[in-house]
Amino acid sequence: MQAWLIIAYGLLIVAGVALLVFAFRTGDRRYLYLAVLLFVVFPVVIVLKFPTEISPETQLLYDAVEKLPDSSNVLLTFDYYASTLAETEPMSRATLRHLFRKDCRVLTMTTIPLGGPSIAERVTREIAAEMGKVYGVDYVNLGYKANYVAVLKGMGSSIEAIYPTDNSGTPLAKLPMMSRIKNYADISFIIAIADNDIVSYWISIVRAQYGTPVGTGVTAVSAPQYYAYVGAGQLTGMLGGMKGAAEYEALVGHPDRATKGMTAQSLVHLFIIFSVVAGNVIFLIQKRRAGAGGQA
Amino acid sequence: MSAIEIFQIWIAAFFTLALFSFLYRDNPCYRLAEHVFAGLSAGYEVGLIWNSVIIQQMIDPMFTGGEWWLVFPGLLGVLMFARFTRDYHWVSRIPLAFVMGTTAGIFLLSELHGKVLPQVQSTMRSVNPSEGIGGVVLSLLIIVGVISTLIYFYFSKEHKGVLGGVAKLGIWFIMVSFGAHFGYTVMARISLLIGRVQFLIYDWGDTFTRIFS
Amino acid sequence: MKTTVPVIIAFLAGLVMVLAFFFDPEKSFVGRLEPEVLRWVTIVGGFTLLLGVVSIIRVNYGGVHRRSSGWGYKLATVVSVFAMAIPAMLPTRMSPLFGNGPGSIYDWLFNNIDAPMMSTMFAMLAFYIASAAFRAFRARSPEATLLLVTAVLVMLWRVPMGEAMLKGIHHSLPEYINTYIMGGANLAVQRGIIIGAALGAAAMSLRIMLGIERTYMGN
Amino acid sequence: MTFAKFVFWLLVCTWLVPASVFGDTIVPVVDSTSPNRFQDTSSGSVTAGAGAASEVSPGGGNIPAFRTQRINALVLVLVFSILVLVYTRWAKKGKNLFIRKINGLDAIEEAVGRATEMGKPVLFIPGIQELDNIQTIAGISILGRVARITARYETPLRVPVPYPMVLAAGQEVVEQAYIAEGKAEVYNKDIVRYVAGEQFAFTATVNGMMIRERPATNIYMGAFFAESLLLAETGNAAGSIQIAGTAEAAQLPFFIAACDYTLMGEELYAASAYLSREPLLLGGLKGQDWVKILLVIAMIIGVTLVSLGWGDWYLSLFESV
C-alpha cells in the first residue's frame, strides 16, 4: 500500500473520532451525519482495495456460468427497484460482463413495472457497448409484463405469447436471436437478480416445473432466507448483497462499483459500532463519576 | 452522452442534493424539493388509479365487456361525496362501512388462518435428546421465547408473581430480538446511501467531464 | 338509520369475505363473489381519490390565493400535481407523450424526478440509523444492555473484518450468532409478536363486523 | 348484537344457507391451475395453492364446494368469536373487568396536555397504508379517541394521511369527535389532509412539517415500514414527545430507539378499547387473552407429543392450506 493512502485514511479516522467527540459534547447529531458522509464519500473517491474472500455461493454461480457451452442462451432478470440499485446493479453488470465474454445470448426481462425496464435498457446497452455486442443478435430486452406468476408460467410454453414485442415495440420475429429461443427449453441458465420475494417464484415455478437451473443475486437483507435453497440444490449459486457483487467482480476480473462500495460499507459499519461502544464507555465513566460524587 | 441525458442527470442530482440538505437544516431547496415531490407523487397516484382502476377495472369492462353492474361500485364511490352536503352527510358512511367491513372480513380469517395456525404449528419443535444438544437448545430457545413473549402481552392480570417473572423473561427476549434486528438492518441502509453517493460522484461527476471536454 | 345501515353493510361485506374463505373459489357463489367485492373496493377507492385531490388542492391553492407565507412552494405542489396527472389521464392514441407507458411524460417525470427522490429519502436512513444507534444504545438498565450487546454482536458479524474478529474469540461464534440469535431468540420474538398481533387484529375485525367498534361513525 | 344471535347467524351463514342456496354443483370444474388465483393467496406458497385447489371436490360431503381442509380455521374462528363475545356480554352486564396498565396509552392524555400548555399542535399519523389494512383501521379508531382529547382542550391537531379512503374515514372520525365534545366550531376540514400517495414523498412532507411547526407531540399508530425511523428521528430532533404503535414487528426496534413510548403488536389493537374505557370493548381483550392461554397450552401439548415422536396427527390439525 502506498504511504499517501495510509496517511489519507489515517486522517479520515482522526476526523471521524473528532466528529464523534463533538457529537457527544454538543449533543448535535449533525456531527455524526457529517462523519457518516465522510466515511462513505472518502472510499468512493480514494479507493482502498481490501482482498476479497470468495464465498462458496458466489463461486458456485460463477462456476455454473463458466461451465455453460459458449453461445448458450441465458435469461437475466432485473427484478429490482431503483432504491436498491447500490446492491443489485453491480450484480447485473458483473454477470452480464461474464455472459458476454462467453458469447452467451442474453435475454433480459423484469417484473417491476416502473423503473425496471429502463434500468435493464441502460445497464445492458452500456455493457454491450463496452463489449462490442449487438442488440437483437447478442441480447434482447423483453421489458415488463403485469401479473408475474402468469408471466413466469406462460414463458414455459411460449415467450412470444407473453411478449409479442420487445421493450421498444419491435416484434420478436424481427430479432434474429429470438428465432432460436421459444421457451424455457431453449434457455440453459437463468440468473434472477432481485430485491424481493420473486426469487422464490423462479424456484418454485420455473426451476421446479421446467427444470431450468436458476442462480440468483439478492440484497443482503433477504440473503439468509435463500441459503436453504442453495443447500438443497434448488438455487445454483447466489450473490448476497454488495459483498456478493464485489466477489463476482473479482472473479470476472473487472472491479467495479461494488468493489469500490464495499470499503465504504465496511468503514461506515465499523464507525457506527465504534461510536456505539465509545458512547457507552464515556457514559459509564460519567455515571461512575457522578455516583462517586453523590456518595462523597 | 446526449444533452438530454445530461439534463436528466442534473435534475436528479439537484433533487438528490436538495433532499440531503435537510440533514443540515431546513432550507428553501429542501422545501422546493419536498413540495414538488408531494405534488408529483399525488399526480402519480392519480395517473395510476385513473389508468389501472378507473379505465382498466371499471370503464373497459363496462363498455367493452358488458359488465354493466360495475356502475354500482361507481355509485358507492359517489356516495363518498355526500360528506359535502349538510343533511345527507351520514350517507358517506355507507361506502366507508363497506370498505371497513370487507377489510375486517378478510383479516379475521387471514390473521387466524394465515398467521396463528402456521406460527403455532412451527413452534411445536422436538426437544428429544436425539436432536443433539444444539437442536434441543435451539428448540427450547424458540419455545420459551414464543411463550414468554405472548405472556408479556397478557392484559388480564397485573404482571406480578409467576406471571411477572415470565413477562420479565419475555422482555429480555424482546430486547435481544430488537437488538439483533436493528444490527442486522444497518448494513442494508448503508448500501442505499452508497448508491446515492456513487450516483453523484460517478454519474453526475461524469457530466462535468463531458461538458468541459 | 344513520348508524344501523352502515353497521349492516359492514357486517354483510365482512360476511362475504368470511364465507368465501371456506368455499371453493370457482364452484360456489360466494367464492365467485369474492373477487367481485374486492374489485368494488378498488373502484370505491378510485373514486375517493378525488377527495384526496380536492384536499391537496384546497390546502395548497388556498395558500397561493391568499399569498400566505411560502405560497410559492404551494404553487409548486399544485403545478406538479397537474403536470403529472393530466398527461397521464389523456389517451395514448393522441400522442405517445400521454398515458403512462414508456416514453410518456408520466414515465419521464417518474424516472427522473420521483425515483431519485425516493431513493434519496430511503438513503437518508443511513444517517438516521447511525444517530439512533449512537443515542439509544446505552447501557442504562439491564434490558437496554441486552439490546446494546446483541446489536453490537450482530453488527460485527455482518462485516468481514468483524466476522474475523468474532472468529478469533471462538471459531464458531459467527455460526452461533446466526443460529441462536437470529434463528432462535429473534425468530421466537417475531413469532410471539405476530401471533399476538394476529389475535388483536382478528378481535378488532370481529368488533367491526359486529358493530361493537364503530369509532368511524363517531361513537 | 348479542352473543347468541351471533352464533346463530354464524352457523346459519357458514353452513346452512350456502349449502342450500349458494352451493351449486352445476358449474363445471374450472381449470384450477389458472395462474391468476395464486396472486391473491397471501401465503406466497405457490404449490400449496395448487394442492388446495385440486383437493377440494368430494370431501365436502353434502355441502358442495366446502373446503373441508379449512375446518381447523373454522373451529379456531368459532372458539375465538365465542370467547370474545362471552366476555363482551359479561362486560355489558356490568361485570368488572380488570385490564392492566398500558404505559404508552396512559401517556397520550399527558402528552396532549403538554401540547396544550405549550400552545403547539399534536401530530397524528395513522400509518402509511390504505383503509384495506386492519392496522390503519386501528389507527383511525385511536385517532377518534385522541381527537376527543384535543377537542376538549382545543389543542391544534394535524393529521396528514397518504391515501384517500383514510382521508375520508379520518375526517369523519375527527369531525364526529369534535361534535361529541361540543366543539364543532373549532373543527376545520384541513385538520385531516391528504399528503402525497407515496411512502417517501409522504415522509418528506411530514418531516418538513415537523421541523417547521415543531409539534409538541407526535403520535404514530398504524402500519409503518422503512419510513418509521425517518419520521421518528426527525420528531426526536424536533424535540417532540413521541408515542408509536405498530404491528409491523420489523419496525418496532426503530420506534423503540427513537420514541418515548411504543405500543407493540397487539397493544395497538387494544389501544382504542383501552382509551375508550368502554366495558363493551374491554371485554374483547379478555376473550383474546383466553385464546392466548389456550394457544400456549396447545403449544406445550404439541411440543410434548412431537418430542415423544407421536406428534404428526397433532401437527396436521394446525395445517393451514
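Letters A, B, C and D mark the chains as written, and numbering starts fresh at 1 in each.
Keep this in mind: a residue touches a chain if its C-beta (ideal position, glycine included) is under 8 Å from a C-beta of that chain, and two chains touch if they have at least 3 such contacts.
In this text, all values refer to a predicted model and were calculated from it rather than measured experimentally.
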| item | value |
| --- | --- |
| Minimum number of chain-to-chain touching steps separating chain A from chain C | 1 |
| Between the pairs A-B and B-C, the one where more C-beta pairs touch | B-C |
| Relative to chain A, chain with the most remote C-alpha centre | D |
| Cα-centroid distance, chain A relative to chain B, in whole angstrom | 22 |
| Inter-centroid spacing, chain D versus chain A (mean Cα positions, whole Å) | 36 |
| Centre-of-Cα separation between chain C and chain B, whole angstrom | 2 |
| Distance from chain D to chain C - Cα centre to Cα centre, in angstrom | 14 |
| Multi-chain contact sites of chain A, meaning residues that touch two or more partners | 29, 33, 36, 40, 83, 85, 220, 265, 268-269, 272 |
| Residues of chain C whose C-beta touches two or more other chains | 15, 18, 21, 41, 44-45, 48-53, 56, 110, 114, 116-119, 121-122, 124-127, 129-131, 133, 135, 137, 148, 151-152, 155, 158-159, 182, 189-190, 193-196, 199, 201-202, 204-206, 208, 216-217 |
| Junction residues of chain B - those touching two or more other chains | 19, 22-23, 31, 33-35, 37-42, 44-45, 80, 93, 95-96, 99-100, 102-104, 106-109, 111-113, 116, 120, 123, 143, 146-147, 150, 153, 174, 178-179, 181-182, 184-187, 190, 192-193, 195-196 |
| Residue numbers on chain A that touch chain C, as the complex places them | 23, 29, 32-33, 36-37, 40, 50, 53, 82-83, 85, 114-115, 117-118, 143, 167-168, 220, 224, 243, 265-266, 268-273, 275-277, 279-280, 283-284 |
| Parts of chain D lying in touch with chain C, wherever the complex brings them together | 1, 6, 13-14, 18, 21-25, 27, 29-30, 32, 37, 40, 53, 56-57, 64-67, 70, 73-74, 77, 80-81, 84-85, 88, 130-132, 134-135, 137-138, 140-141, 144-145, 163-165, 167-169, 172-173, 175-177, 179-180, 189-190, 193-201, 203-204, 226-227, 229-230, 232-233, 236, 247, 249-250, 252, 254, 256-258, 264-270, 272-273, 280-281, 284-285, 287-288, 291-292, 295 |
| Contact footprint of chain B on chain D as seen in their complex | 42-43, 70, 72-73, 76-77, 80, 98-100, 102, 131-134, 137, 165, 168-169, 171-172, 194-198, 200-202, 204-205, 207-208, 211-212, 250, 252-254, 256-257, 264-267, 270, 285-286, 288-289, 292, 295-296, 298-300, 302-303, 305-309, 311, 314-315, 318-320 |
| Complex interface listing, chain B residues touching chain C | 8, 11-12, 15-16, 19-20, 22-23, 31-51, 53-54, 57-58, 70, 72-74, 76-78, 80-81, 90, 93-109, 111-113, 115-116, 119-120, 122-123, 134, 137-138, 141-150, 152-153, 170-187, 189-190, 192-193, 195-196, 199 |
| Parts of chain B lying in touch with chain A, wherever the complex brings them together | 23-24, 184-188, 190-198, 201-202 |
